[in-house]
Amino acid sequence: MEAREILTRFKKNEITLEEAEHYFRKEPFEKMGGYAKLDSHREVRSGFPEVIFCSGKADEHFVHIFQKLYEDNGEVFGTRASRHQYELVKDLLPGVEYDDLSHIIKIEKKHKEHIGKIAVCTAGTADIPVAEEAAQTAEYFGTRVERIFDVGVSGIHRLFSRLEVIQEANCVVAVAGMEGALASVLGGLVDKPVIAVPTSVGYGASMHGLSALLTMINSCANGIAVVNIDNGYGAGYIATQINRLAVRENQEQ
Amino acid sequence: MEAREILTRFKKNEITLEEAEHYFRKEPFEKMGGYAKLDSHREVRSGFPEVIFCSGKADEHFVHIFQKLYEDNGEVFGTRASRHQYELVKDLLPGVEYDDLSHIIKIEKKHKEHIGKIAVCTAGTADIPVAEEAAQTAEYFGTRVERIFDVGVSGIHRLFSRLEVIQEANCVVAVAGMEGALASVLGGLVDKPVIAVPTSVGYGASMHGLSALLTMINSCANGIAVVNIDNGYGAGYIATQINRLAVRENQEQ
Amino acid sequence: MEAREILTRFKKNEITLEEAEHYFRKEPFEKMGGYAKLDSHREVRSGFPEVIFCSGKADEHFVHIFQKLYEDNGEVFGTRASRHQYELVKDLLPGVEYDDLSHIIKIEKKHKEHIGKIAVCTAGTADIPVAEEAAQTAEYFGTRVERIFDVGVSGIHRLFSRLEVIQEANCVVAVAGMEGALASVLGGLVDKPVIAVPTSVGYGASMHGLSALLTMINSCANGIAVVNIDNGYGAGYIATQINRLAVRENQEQ
Amino acid sequence: MEAREILTRFKKNEITLEEAEHYFRKEPFEKMGGYAKLDSHREVRSGFPEVIFCSGKADEHFVHIFQKLYEDNGEVFGTRASRHQYELVKDLLPGVEYDDLSHIIKIEKKHKEHIGKIAVCTAGTADIPVAEEAAQTAEYFGTRVERIFDVGVSGIHRLFSRLEVIQEANCVVAVAGMEGALASVLGGLVDKPVIAVPTSVGYGASMHGLSALLTMINSCANGIAVVNIDNGYGAGYIATQINRLAVRENQEQ
Amino acid sequence: MEAREILTRFKKNEITLEEAEHYFRKEPFEKMGGYAKLDSHREVRSGFPEVIFCSGKADEHFVHIFQKLYEDNGEVFGTRASRHQYELVKDLLPGVEYDDLSHIIKIEKKHKEHIGKIAVCTAGTADIPVAEEAAQTAEYFGTRVERIFDVGVSGIHRLFSRLEVIQEANCVVAVAGMEGALASVLGGLVDKPVIAVPTSVGYGASMHGLSALLTMINSCANGIAVVNIDNGYGAGYIATQINRLAVRENQEQ
Amino acid sequence: MEAREILTRFKKNEITLEEAEHYFRKEPFEKMGGYAKLDSHREVRSGFPEVIFCSGKADEHFVHIFQKLYEDNGEVFGTRASRHQYELVKDLLPGVEYDDLSHIIKIEKKHKEHIGKIAVCTAGTADIPVAEEAAQTAEYFGTRVERIFDVGVSGIHRLFSRLEVIQEANCVVAVAGMEGALASVLGGLVDKPVIAVPTSVGYGASMHGLSALLTMINSCANGIAVVNIDNGYGAGYIATQINRLAVRENQEQ
Amino acid sequence: MEAREILTRFKKNEITLEEAEHYFRKEPFEKMGGYAKLDSHREVRSGFPEVIFCSGKADEHFVHIFQKLYEDNGEVFGTRASRHQYELVKDLLPGVEYDDLSHIIKIEKKHKEHIGKIAVCTAGTADIPVAEEAAQTAEYFGTRVERIFDVGVSGIHRLFSRLEVIQEANCVVAVAGMEGALASVLGGLVDKPVIAVPTSVGYGASMHGLSALLTMINSCANGIAVVNIDNGYGAGYIATQINRLAVRENQEQ
Amino acid sequence: MEAREILTRFKKNEITLEEAEHYFRKEPFEKMGGYAKLDSHREVRSGFPEVIFCSGKADEHFVHIFQKLYEDNGEVFGTRASRHQYELVKDLLPGVEYDDLSHIIKIEKKHKEHIGKIAVCTAGTADIPVAEEAAQTAEYFGTRVERIFDVGVSGIHRLFSRLEVIQEANCVVAVAGMEGALASVLGGLVDKPVIAVPTSVGYGASMHGLSALLTMINSCANGIAVVNIDNGYGAGYIATQINRLAVRENQEQ
């Protein structure tokens, strides 16, 4: 609703002073004991519900937020959760699922529809936890996901054998550690955006993923953009945004 | 065409041995005196014609490639061109245009249609050259572009006054140097992908754009992915890919 | 007292040779068994009593220093204390308080007056431990503190809803990890000094707070200065210095 | 004016719909041909007029902005100006002054009052250009400045001989390159905030000021906060904010 | 000759005291006016004649050394030479050749035999100067070189079209800037050693070749080792060593 | 077999459509439950069987892959294995050997022939684990290895006493941490390729091996190429490639 | 003995062939089971006995080397030893002493004379472990050591009160973490060499001592040279070398 | 003179109030127009006259300081001078000498005695400018200097042929760029302190000397301390301090 509309309706007494004031001074979030401000307008604003970055949260805070979001939305999704955090809520909210590989904790509505398609590729098997975070994030947000794992450039025929599937996706997520060359090769082979996720897989001069990040940022291929090291969630999120654009009702050009 | 089709048609003598062999051994590029291999299949493969990264090219090579691409496509587009390079070709190919701000050199077909919409935002005026590279790249590839410049976070009301325009875009390109905080703020305000472009604008600990790159990679906001420092071209390219997904014929979900 | 006064009074026999000599050769600190030199003149010189940086101190040294400072001042304040260190002194000095969140250990005089006002803001909930170190440090030194937590730039309306409170403060402490953009946004919205505290919250390319530090140092906004990563104590200290300047008896201009 | 007041006055027809709408949708800046948005509300909001960061501005833009700000405020101040930029405006606006040392260009009102006091100290003579940027910035904003140059720690008696003057200041700006140790020593000797400015003076492992920046950020002394390398302007700005707090009408505590 | 042999022959008066002493105290280099020590035994010891790293040499020294090596060996080879240095010697030694692309200056014996085969590959055309330094170095040392330029991973079909030629080489030199992914892809496709040469081609976060270096060092493929950024000479040298091993008279196993 | 041959034979009905199609679409790897793609054509393509990088593999995956490779090849080799991983397979496959020093786990065929010779040198005793990984890798691949440990440059006579042995090798692996100077000294003393392996041995500014890596990359000596920090496996692999070239049937030149 | 003398005496049969050969081929070290080469000529060559860097040594190797050096020299000295290593030898060699603070393990001859004087200064109490390593190393090598701890620049009067003692030393060791400014201040106050030891004490941007190292390397004061982070042993060693030069029999000039 | 003596003599009227006050408040430096404070007590305090770091000084300041120091001391010494600066003073002070290699400008007293001995070694010829700065600095301060150039580790026999000369020195200055391994090798061969000077000679990953600095700081050899990159002056200074200790009248032990 536009400011002008609010003002006009207020003048006409269709809304009260309090309602009009609220519009301009509103606090679209819920305070939780001072330590957090849940963003309850987020789904309206961005099309995505708020999720929980579980790592580092105090036990009490985690449980409180997890329950509150579940109550509000009928489902809830947390990343980087520990098994300990799972133990905290599994008896309170029986439908909680925890995945040891991706460290995702969630209660998800049944029979969720998944639309469009993205491809999530990894260079090696050690990159799979990050790839699963990306894939499950995208799925939670309603995206259909194709997983193509262990197709790194040191044996490039493995990638070519799956190329057709990859080329059908609206967005490709390229997850790779060590030297991270997978993103460049993919960028040259598809005509859709590639979201590159460097991982901390590697040793020595990989510097916990910084080398892979630099590789991806400097890619000679086009159509590549990069998210933070190990940030599967961020990749799944932006891939979902792109996928939604591709499948929504056609815009006028 | 699929391998099976080729083989079948070859068996039926619909195509010759040479044609079949060519399919499997084809070199979809043109060699130019050994120094370059123009990617003549690129437009088919990726939907984008080949462009020229002019910086560092020898004069002779630059002129040769520029002419060749113009002959093939009826238009040609080069980034990071110097005025000297413009002098080299302006008499050979009279329609050449050169832009001192963005360092783009091009001959562009008339009456090109621009579809969809992306927004290109800058934090300051010094970021405009990179933003123009992004905007003009996207326009060359057929994208409608909205420019919103000088809306950095140090005077955040300037950004809010243009927010509606930004929110209508299919993709937002956020161009910022110094501390690069613009991308995070935009990420929290729009529901479309934000492509962040760090620039080398700044001094001291900005380290020629590395600080802005780190800011953007570490963003606490969602829906942000990052390209290389000053890489306006890369941002315009991926924004065009995203915009095309949004305006193409609706997929089945 | 000036050197000339000392000399004059010494000449007049108002002070003895020993007293005069003491003035010029004084050791304004107390040696503690060779391993430390407590700065007993500090409060006179700087207006702040000596505090203890507890981390890494040997048990015996910690207990000894903690007791000595309590005896001298009737109160004592330590940062980065472990629960183990609390156990060491809690029975010796019954009034000891320990805060698990900020890792502050202290015995504080009752009914301390708090003057002026500073605002301590955080981007997220994970930044609260550092913010509490800043806030409690400032309070121990007699400053009134307003806490505004979880107002990071990814949901910037949360910040705007508290802006008036922030703008009333004499100094704003901005505590943020990840990309640390909060400081820049605050710098553009208030007319008082902003002390920026990068935190080690984040992962991947946040490099344990170095990215946030670089963001803050490169801020495009004015009126921002930065302290070390996670250095809540340092921020609380300098904010107190600024607050004291604002509330002291008015200087002649 | 508060939102509630606006709404009430609008309801009473004391202000028109357009005026009320304007309040909520106002653009408190002037657009200059699309390339810049001068922040005409800045002085009201922050107490400081807008200044020009001249480096990198196109000639036409520089001249335009310089003139516009002069017309609006009757004075104008630019940092990091080149002699070339001075040549551009010196005939248009005859009162323009340019300082080769600090690279400041300005037209300043006569008989400006300077209040309070800050001290600007340098470690060596090579740090003076940055120190002058800080000092002249503060003076332009109405601060009285004491300059204490060439008092670095390698001959520490030079610092002690000026200590009383430094201790009288409301804020100390410590400008140092190479290893930057001056800030730590000053922090231990004064009871007012020290704003540390690392400079790019040095060679080899000084890494263009990064080493001095790290020294200052890690200082073992209290009451120190740091701005960007060579950012004299930023130091002069925040020192002025602190000085103003010290000399304004006394707050109630 | 072994120490024992020398001693025995000396005892038998087959060699003189001076000869024996010379053996143990020999200075297998020629002093040139104190500023350099030409390694005249180098060819015996390593199988490679001494070459000149021309960059940074004083004019007088460069001319002197160039002439001396030519006199001793009948040919001479210098890397990173400037056109100015070429001017200095072209009239003194008429057979001198200078290559503007690779910055190599040389007088080379006619009809030199080239044995075995190495492949020198580049990702882009901008990498060719470094590749030529590698290729011409190897050729000077008697290696047959196959050049395969502009086969970077962003259009990987260009590489596959030349793969058979590459696979026949005894050693592959992979020259690439930007993200440097070519080395990894080659490592997965050939069964011979790959010597990777990062180049300073790129911009932004390429950090003058450091990113490409990190990519190559962290390669997930086997059989790759890396030399310094832009070190074509070093790659040509070690590739020659490997090629010589492959073509020399067969060892007993 | 060449594409032309396949096509000709297919036309002549010597091979079926499926066989021909398979040639062009083949997947030369075995999928293992989606999480890995074993490269079963690797030995044919590269002359080396696939080995296991054990670190970070899930227990179930590790056991599965270890067994599969053993079944296929009659032997199996894993690097960076933990004692825990050894416990997992030692009862399943009784011939498994585990080496606590090099962290290698393997089942190796008896009476393997070792050909040629490489030398593996270390600077100190703390570098031995990495050196053993290199040596045992090379031995597994059929290379004869000479170990020369603890010959670092701080007592350079130790190196000279073993120089003749080193000079007889076809390739020298130089393993060193701290400042990594061993590689440079070796490079000047032998006429064969030196593969330098920086190790993470050291403290302080060694930065976990980065300093040694930089030393080796910048070596002033010729004939040196570098692998990743602690990458003994990579060094043993490429040294084996070089050694094989030296001992194979003599090529025509 | 000179080579010429050896040869002459050998010719005269004053020494045998074996003795002469031994001179030229000698191995001045003892091999210990292949894993180490104890440098038994070290004391003759350098004036210092070999010491043990205990960290990372296998138990068996540590015990073996510790015993061997004790047997050879009647005393033995190890740095960076763990309490576990002390347990290993304390019953075998009853005179062993272990210091938890400096992590030094040793058996030292009684009544060792200490000559000359060096001063070992620390900035804080947390730097004492490194300072003790320096001091005890120097004492083991026969140097008289003055300890001056906790005299950092944040309370510089503590340093001045001990300045006379420091100025009497032949060499000053300056041990400091955090910003490491102590070295610069000392360098300006004494006329003897200052050996600066950065420590890993600090947090945040101290980067485990790298910041302090950079501060010390960039010092604006003269007469300062730097050793590795936490390298107390190295500082004690070179300080002893300098002290010995100062107290030895006077050279002719 | 001690404080007590001053006070006693003052009481006895042997010195006036002004004299006594002067003692405690003295300014042992001369102010030069506010921009510099020449340290006229330096020679007394440190045994070294003040020298000029010419780089970056304004012309007027340079000339003024150069003349003032010449007048005070009868000689003057400046480092990092440009030929332009030489032009400025060569006519004013006819005895001025300028050395294009070391960039030293000086007027030196005739027949200066040089005592003791230091050795200045370089790895290559490109390191000579830094080595000459070290050597000429030491000579200006009265040290006898032996130059041993171009003895880098890639041809280590060159070093061994000069070893005896090096071993006779009281202090060895090791000047090396690229990988900087010379310092480690020298540290293992001499029993005197080695002052290591990394140089910016190199390219690629040498990072302007940072790699050589890291090599030297991490040296596995003992008796090495490091100064800043290209800091020949600093090395010559501390080497002179050490040499003076070695040749002065013998201390009592």
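In this document, chain identifiers A, B, C, D, E, F, G and H correspond to the written order of the chains, with residue numbering beginning at 1 in each.
Everything below uses one rule, namely that a contact is a pair of C-beta atoms (placed from the backbone, for glycine too) under 8 Å apart; a residue touches a chain by one contact, two chains touch by 3 or more.
Treat the numbers as computed from the prediction; the structure is a model and nothing was measured.
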Quiz item: Measuring centre to centre with C-alpha atoms, which chain is farthest from chain A?
Solution: H
Self-check item: chain A and chain H, separation of their C-alpha mean positions in angstrom
Solution: 59
Quiz item: Quick one: chain A and chain B, Cα centre-to-centre, how many Å?
Solution: 25
Quiz prompt | Computed distance of Cα centres, chain H from chain D, in Å | solution = 38
Quiz item: Which chain B residues reach two or more other chains?
Solution: 25, 155, 189, 204-207, 210, 213, 217-219, 222, 228
Exercise. Check the chains against each other and report every pair that touches.
Key: A-B, A-C, A-D, A-E, A-F, B-C, B-D, B-E, B-F, C-D, C-G, C-H, D-G, D-H, E-F, E-G, E-H, F-G, F-H, G-H
Quiz prompt | Residue ranges of chain C in contact with chain D within the complex | solution = 45-48, 113, 115-116, 170, 189-193, 195-196, 213, 217-219, 222-228, 234-235, 237-238, 241-242, 245-251, 253
Quiz prompt | For the chain G and chain E complex, residues of the former touching the latter | solution = 3-4, 7-8, 10-11, 17, 20-21, 24-25
Quiz prompt | Residue ranges of chain E touching chain H (in the complex, touch as defined) | solution = 25, 27-29, 34-37, 39, 41-42, 55-58, 61, 198, 200, 208-210, 213, 228-231
Practice problem: Show which residues of chain C lie in contact with chain B when the two form their complex. | Solution: 123-124, 152-156, 178-181, 184-185, 187-189, 202, 204-207, 210-212, 214-222
Quiz prompt | chain B contact footprint on chain E (complex, rising order) | solution = 125-126, 128, 147, 149-151, 155, 157-158, 161, 201, 203-207
